[in-house]
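Below, subunit A partners subunit B and then partners subunit C, in two separate complexes.
This part shows the complex of A and B:
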């Protein structure tokens, strides 16, 4: 694997995480539990899709095969998407969406803090810009975890179930392989194992205050970074890609 | 007869390009225009930076810049750069005043976001100027705004969020 190939893969992973999560959040449009949260979730979606656009534009430039950000976002098939499994999980109820967001926001925050120091200028630029928005996401999801966890008996039970369920996808956030190894060597990527302890400490602090608990030793799932996804991604892509597949080459 | 146009002239012309969402602000007020570079003859390069990653107004701003300069027979190519990242610190003082007059509370220096349920940023009401206001939602009508209500005059208003 050349550095260029590794960089392209690395950028797809970043772009796909944001695109797929952004898409999931956009599904809440018009269905939020209250107006303010409908707007909040779609605002988050917009931020994430904007970030994914930046990652895709850079990936297209690196690939240098005449594909642009739209081709990459909408015209690949499931095994070519490299997002983690967490972000493709269905929204479930509001609490599940919040838990998913909470687990991902804390990761993105720590990841972007380090990517701001990347030797790759464009990666550093995207990280520096995105982290300003991620800080708002983080506050929003963390505060909701506390409100729902330390809420009514029903809200507590529901988010506890969601946390137990989605905790199976935490380890994959820190998955690294030859793509990362190559780029860590040249100072382009960061070693996620370096902030794994900090991540666990940060989420645990919020989980404790929310009177929730993180189950120990649950079987962890992965495969997303290699394009091996849960069945959910197929259904997600049929919606995401519908317009581009039905009307190839369409433009607004 | 040809007149030599300067970068200063271009900056002046760009003051005619308004933000599509908040038309009292110019793209210069917003700090979105970063550089004006002469290429050759009547060709100029305008460097802009996006506010929020997903801001849909950036495309319109790009087109409006090209259109406005074309009216002065200037060929402009607009380049988007991400670094250094845009911050609300770049909104001019005049821009902040115009925001308030328009009814949008301008960005305030905010308290540490990492403190959950921490002290709230005090945002004065742009209408009655009272400091007795409350946040309805951290996320408002656009990516850059939050939704507030004044407890004294009861009016709702948008707050242009501090981004640093």
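This part shows the complex of A and C:
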């Protein structure tokens, strides 16, 4: 694998995480539990889709094969998407959406904090621009985890179930392979194992305050980074890609 | 399940430094922190603000509409209280 191929792959992983989670959040549009939260979730969706646009634009430039950001976002098949499994998990109830967001936000925050120091100027710039959004996402999701966990008996039980369920996807956030190794050597990527403990500590603090508990380590799922997804991604892509598949190349 | 609604909050936004906070609208939130977050999402998503105030609507004391006469009408006939007899120099904004 050349450094260029690794960089393209690395950028797709960043872009797909944001795109797929952004799409999931956009499914809440018009269905939020209250008007204010409906707008908040849609804002998060737009932030994430905006981030993915920047990652895709850079990926297209690196790949240099006459594909643009739209081709990358809309015209690949399922096995070519490299997002982690966590972000493609269905919304469930509001509490589940919040737990999914919470687990992802804390990861993205620590990742982007380090990518701001990347030797690749474009990566550093995207991370620096996005981190302000991410810090708000993190505040938003963490506060909701506390409210729901330390709320009523019903809200507590529901988010506890979601936390238990989604905790199976935590380790995959830190998944690394030859793509990362190659880019870590050249100072472009960062080593996620360096902040895995910090991540645990950060989420644990919120989980404690929310009177929730992180289950004893359950079986951990992975595969997303290699394009091996859960059954949910195909359905999501069908909806996400519908317009471009039905009317190839359409713009509006 | 409880049907109790969250309290209503009034939102004030300062659109830029040097201007005062202006009433932007109201929203529902369980507490002050959530009210600030919601106000940020509802009222500043198009860069409308640099600062937010929120206050629980029930804390706002309002004048009684039936007293509008005694409260406001006496000022109507006192044109000399308006600073309209001055020339405003060029370049003065927000007057």
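Heads up, the rule we're going with is that the second predicted complex is superposed on the first by the 252 of 252 C-alpha atoms of A that agree within 3 Å, B and C clash if a C-alpha of one lies under 4 Å from a C-alpha of the other, contacts with A are read in each partner's own complex, and residues count from 1 in each chain.
The working rule: contacts are C-beta pairs under 8 Å (C-beta built on N, C-alpha and C of every residue); 3 or more make two chains touch, one makes a residue touch a chain.
In this text, all values refer to a predicted model and were calculated from it rather than measured experimentally.
K.L.:
Based on the superposed arrangement, let me know which partner A:40 touches: subunit B (first), subunit C (second), both, or neither?
P.N.:
Touch status of A:40: both partners.
K.L.:
Of the partners subunit B and subunit C, which touch A:17 in the superposed model: first, second, both, neither?
P.N.:
A:17 contacts neither subunit B nor subunit C.
K.L.:
Scan A:105 for contacts with subunit B and subunit C and give back first, second, both or neither.
P.N.:
neither
K.L.:
Does subunit B (first) or subunit C (second) touch A:154, or do both, or does neither?
P.N.:
In the superposed model, A:154 contacts subunit C only, not subunit B.
K.L.:
Using the superposition on chain A described above, determine whether A:88 touches subunit B (first), subunit C (second), both, or neither.
P.N.:
Touch partners of A:88: none, neither subunit B nor subunit C.
K.L.:
So in the superposed three-chain picture, is A:130 touching just subunit B, just subunit C, both, or none of them (first/second/both/neither)?
P.N.:
First partner only, subunit B.
K.L.:
Touching A:143 in the superposition: subunit B (first), subunit C (second), both, neither?
P.N.:
Touch status of A:143: both partners.
K.L.:
Shared contact residues on subunit A, subunit B side and subunit C side combined as an intersection?
P.N.:
Residues 36-37, 39-40, 43, 136, 139-140, 143, which sit in both footprints.
K.L.:
So in the complex, the part of subunit C that touches subunit A is made up of which residues?
P.N.:
Residues 1-2, 6, 27-30, 33-34, 37-38, 40-42, 45.
K.L.:
Quick one: in the complex, what on subunit B touches subunit A?
P.N.:
Contact set of subunit B toward subunit A: 50, 52-56, 81-87, 113-114, 116-117, 136-141, 143, 147, 161, 163-164.
K.L.:
For the complex, give me every residue of subunit A touching subunit C.
P.N.:
The touching residues are 34-37, 39-40, 43, 136, 139-140, 143, 147, 152, 154.
K.L.:
For subunit A, which residues count as touching subunit B in their complex?
P.N.:
Those residues of subunit A that touch subunit B are 36-37, 39-40, 43-44, 46-51, 53-54, 121-122, 124-126, 128-130, 132-133, 135-136, 138-140, 142-143, 146, 206, 209.
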